[in-house]
């Protein structure tokens, strides 16, 4: 079966050009001069489906490298299942997610990994892969890291916060890094100083400071910057590559930039909320409204320029990619748990559906280039996490994950219309000057012209290789 | 006419994959799955030439963004003409050069530009473009910068050294930068503090220090770093993008990295000689031997780690590309002019033939990745200087400039065998663990299997657009 | 003849304590426990004068290391002569000035030095010394630097601005630094990029921007920072110690701090105007009013925190002392020369009378400590410029230069009441929460209780030694 | 009773001068011009003791701000008691120590403080004060910090290493810093990442690496630098002043310098061993010999320039003072505990007797100035820890703690001749080009011409005030 996407402008990480993309079954077969007659009239006549991309961008399917579908947290679960979450992702032009399998302290890593496989199997609309959270570093979990590499899991996330749940102490971090430096894995780090945050939270509650804004005020930039720097230094000590998740403080981004200047393999992602939203405008909204934007690291004051610096860091490649950290909790029954005590608000924002759009708006407003949009949303995630070639690029042999994006279209974001299982939108009322028109996942058109043609189970598990981004 | 390069591994800036490349006349028509049958048997049978690239790399033709063919300097001329120089370049897999049209102080820019066009017209084996050296900033030359943009010259080189010949003072530099910040041009800078160097040279000669090594010792890293920093600061003041040529001091590279960390459009190139050669081993060779490696900026002490730092900067993208600064002078009759007075040695090294090979050796020895090799030698030069799409990438619609590179081959460099018009080699005796097998220039096979099929005049002038690399 | 200052708190650079100071003729004879009976009743009865300093601070006489009495500039002369200027200094508790002998380009250094000696001889109310401005670096002036060391002039000021008047190019700067690194002299630098400023001024005038505020806007912080960094780097290259005069830009101060962190002998002074005044409030005053505050380096925007950073740098000893750069020009007949063309406004502010008071106000407002006030106004100037022991400290054997300062007093600054020969005050209306009560110069009470007892010719020339502050 | 020190050169932190010092009972009564006749013949005749300091330096008595007399550690006790240790200190010109009262985790702070008072009472040859180690931060110990301020203890030491013994986690550190930022106390920090060190030690032992050199190799500079930076950042977060003890890694010193550049109250001490000794030459000595130099932080490789950088930092005042961290353990019965397991070697070196001499050798060899020697050994310790005026300076009213130091003398260091209770010397065979001739403690000559005249119980407890060094 052949599909031809014709007339569009193919955008990749280094530039863009007019070209046609020919899909054979689940793979890209060729990239061709537009209107080329080399295929022959007969062949062209036999093509099953022609997608007219005239005036539109043709890009590799988006890869969201940081999601938490149905993740258990604080007695509740992230509201999107693998089914609802991947369907919403598809709607937004994301054709691969990397979700986090979770080992809490005390659990067995491989058992947990198997459990996550069970959750996802047969449910996903798009392809999926796993990182593994290591909530308890010990000899068994360290050994499991080697096993997981063979299972296609080449990245391992540790936490410097959330004591007794996820937190690894510095010695444990060094052990995991030593393991990664030997087996080629990539160490991902939630870099916040949990010990200090726990204290500041306790003190805030004692002072009667219970509103959502205190979530941000008890996680000052110093707690992120210090932890980021510590992680970088320990990575340097062990020779392990390091990937810092959800960077939001400009000072943390500066530390990452410094480390890279010395040639260290240190990388960082940021998320749409740290690019567009702020402590003043969203987290500090009156009453309990701010709970919608409680996530960690927190939204930061725009008065101090954190958001601008995130955009600059994306431009300079001091941050390498944008993920969503999709971890949705409904207001009703979930966020509400933190009424009267901000520390009980489940942490997370749901954006898996809107990443491509929200970052494209940065192209529209001159913050990044068109090519950089593709690089940070599609190409680098594939390279960083060992899927490039199969994913992240439009070239012969690659999976036919393709998005046709219309720069003349418009997208209005609202809980009324979004496809995530979430009773509010963190982006309610946002208008995007662009639109995801058509989404192809491994050759299957799953979204086209506002209609959904995908199905649970189409998505396959991706065994990832080692990072292709190390220097 | 069709040519098919088949069975190879196509390498681009972000990754590599098995793919066939189909050329129609002077352009790439398609990139296809290897062994694909979509073209049909009839079409395949009619292909004029099939190049078997099995086991080899297929990459975009190299772009050498810094050459000085037949440049007048100190009463003599660089020994390669456009004819001999571009032919040698082709032998080495370079299919485009950007040469420098020269306005010396007192001359008219546009007259000089026309003169350079005359020199090159009908002589070149491969495509060529021009930067313009502005040796005398004044109202006329500033106005000429606007004209030249329309002529396809979007980059302008100033000098902070060579008083009364090239040197612009800081006020003149600011004027040129103001012009560039308005017309979109890219300011290139030879960043050495000429005033200090002139003094140190005079003092050295007064002390009887006349050997070639004093060329290096009178240009200490401080003279490069200071000038680099000054250029960066003036660029920041004016908003102009800046490209620092032939970076050799690690401290200068650090300044560039710092500026980029703040989001400034500051870029830097280095050259093969600053990656592999040193003041101790080459420039400091006994007697007059060291004159072979007299170039500016000079070779630097490896004891201080400059060379290692250049590689690191290439890895981290704090330096963006590698050019040769090809400016060959024969020992006999040219370098000899400086016997007994190192300041009279013509400055320059001839490497235009060896750039791809010498940097590939960095892949072999683990200094950079295969993709980065292509990026810094082919793709970024095209993007930096406004030729991407036409050059620098293997995609439909691009010029069919292609190199088939054999990682199993060997290349021995020697004046006995090289094709540059130069009576010695700066790289005599170097062995490269790779080999340029086939070179295609705009669809024409110019080199294949050790034979040359090109001709003077095949190369065309490229009108370049504005830089596609600005952030 | 004996004078006893009794009951006060002696403040020095490291701390303060209650102590009496006994003066014998022109020197300090002893520092004693207050009320000590070791002197014996007979001796005490024979003391000629007792100054009651109860409740007051007793400090070494102030040293203003940067003044320009009757300096020729732009066709006019600074309005204070050595007679009027030193008398005003005495009123304000300054008992030593270091003025600048001036060699303009084309003049002979030693001839000029002799001329300055003539101007000052027999005129000064307080002791005085000279720095030498070298406006024309050449073999003769370099040789003169050695001679001047023997004459008690151990510091030499160069300029990176004022082309054809004062400006030295970088090669000349290096020559002077080489000389200083051999003879032990201290290189002082006016660090502004004159070439860029000249251009920006010309462009501003062409745009019809003629008001005083453009004096500041055409000397942006980059012109100061760049020049400061360049001077630091050249000093590093030559091994010469460097003292940057009138630092006003925070970025320049940061460069000095960085250099000191590496152990380089780099120092900086700032002036009261850069601590308290700003481009917005003073230089940008409506109409021609701003001309009162035209000085170079210029007042800088407080919105960018320059003034705060100057205070911080004084606290951290990244700037070492405060001088006035006293260079007064009257509004009438002098500043007026620049009506309609800000580049013709004579550059300078008159503050020699108010330095101790203005910096003491920083103690009152918590910006620096009491000890630091004495250190930056009295002790470090003596050490920096080779007079310590004789000046800058209250200890036996030192010159009896003493100020009794009343922290309960008040000082109102106004052109109506000041003693400088200046028809306006840059500090009109300022109230200081302290007061200079008594000033002793080499044993002579020159000011006491609002009356002046000094006389022209009391002040002697101080032959200075080499800097005592180098590390 | 009167004592007159005559004919010497009085050296203080800013300079030196010829002066006589008159002592009345326990205090300094006057500093006088040498040979002054103001005292009168009769008075002079009645002076009880005249000390001829001709050709010698007269300096304030040394203050060793970091000692551990008879400290319990790992089942044994530091071998010097308050009696033997303070006597040895006196021999070396130190007239005040600040020792550490110790709260181990689980103990009560005030009880422990009282215990330390008991140990010292009636035993000391010279004056003494206390810092308090807080080994267990909790509400009781935080409250005790306020009480201790009133008891003359204004500095509190925490540890980032030594789990279950001393270590505070980051939240505890923040709590203690919050307390200090309110009560004016100074937070002292043992800055090493204990969690990482514990792991590296365990891994080393598992590999059979048991020799003393592994003590250094398992505490790489990263563990010190990271902890130092973390402490600085937490201090910045809380507004507390911070004093980092025993800095030995150049990278840690750089972090301190950076923090000071921003105006933060961050200080650091180093110790003689980090200035003169190294991992290669001492700690790495063959066999068990290296155990003599096992201390924490460890001796560092001189190949990496740590020692040079410590000297530079002292010059630039990025480190403020030199203490000994005197914590002696005999080879026999104590260091031996670690035979076959370096982690069991008691940590510490005994130097309390040699600090003035060892740092004076830095003056002789041109590393620091004479004045800086006095500043870092005598004056700044007094200012830093709230004793200035009474201690640290030669001025009327100050305690008569005076050392006459002979720059023509020689001192040979050896366990044969030293006065510490220690069966070896870390400095065996060192020759110092200077000699402590006479030591006066609160008016009593305790050492003179190689004889000891002091006695246990002469030393008094000093109630210290708040730091006088904060900016």
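Chains: A, B, C and D, in written order; residue numbering restarts at 1 for each.
Assume a contact is a pair of C-beta atoms (placed from the backbone, for glycine too) under 8 Å apart; a residue touches a chain by one contact, two chains touch by 3 or more.
Chain by chain, the UniProt names read as follows: A, B, C, D = Dihydropyrimidinase.
Predicted model only: the values in this text are computed from it and were never measured.
> Going by average Cα coordinates, which chain is farthest removed from chain D?
Farthest from chain D by mean C-alpha position: B.
> Distance from the CA centroid of chain C to that of chain D, rounded to the nearest Å?
38
> From the mean C-alpha coordinate of chain B to that of chain C, what's the distance rounded to whole Å?
52
> Between chain B and chain D, what is the gap in Å from one C-alpha centre to the other?
Spacing between the chain centres: roughly 59 Å.
> Among the residues of chain B, pick out those that touch two or more other chains and give their numbers.
As it turns out, chain B has no residue touching two or more other chains.
> So how do the chains connect up here, line, ring, star, complete, or something else (other)?
ring
> Please list, in label order, each pair of chains that touches.
Between chains, contact exists in these pairs: A-B, A-D, B-C, C-D.
> Note which residues of chain A are touching chain D in the complex, please.
169-172, 174-175, 193, 195-196, 198-200, 220, 222-223, 225-226, 229-230, 233-234, 236-237
> Under the stated contact criterion, what part of chain B meets chain A in this complex?
Where chain B meets chain A, its residues are 2, 10, 12-20, 22, 24, 27-34, 36, 38-40, 42-43, 254, 257-258, 260-263, 312, 315-318, 368-369, 372, 375, 379, 383, 388-389, 392-393, 395-398, 468, 471.
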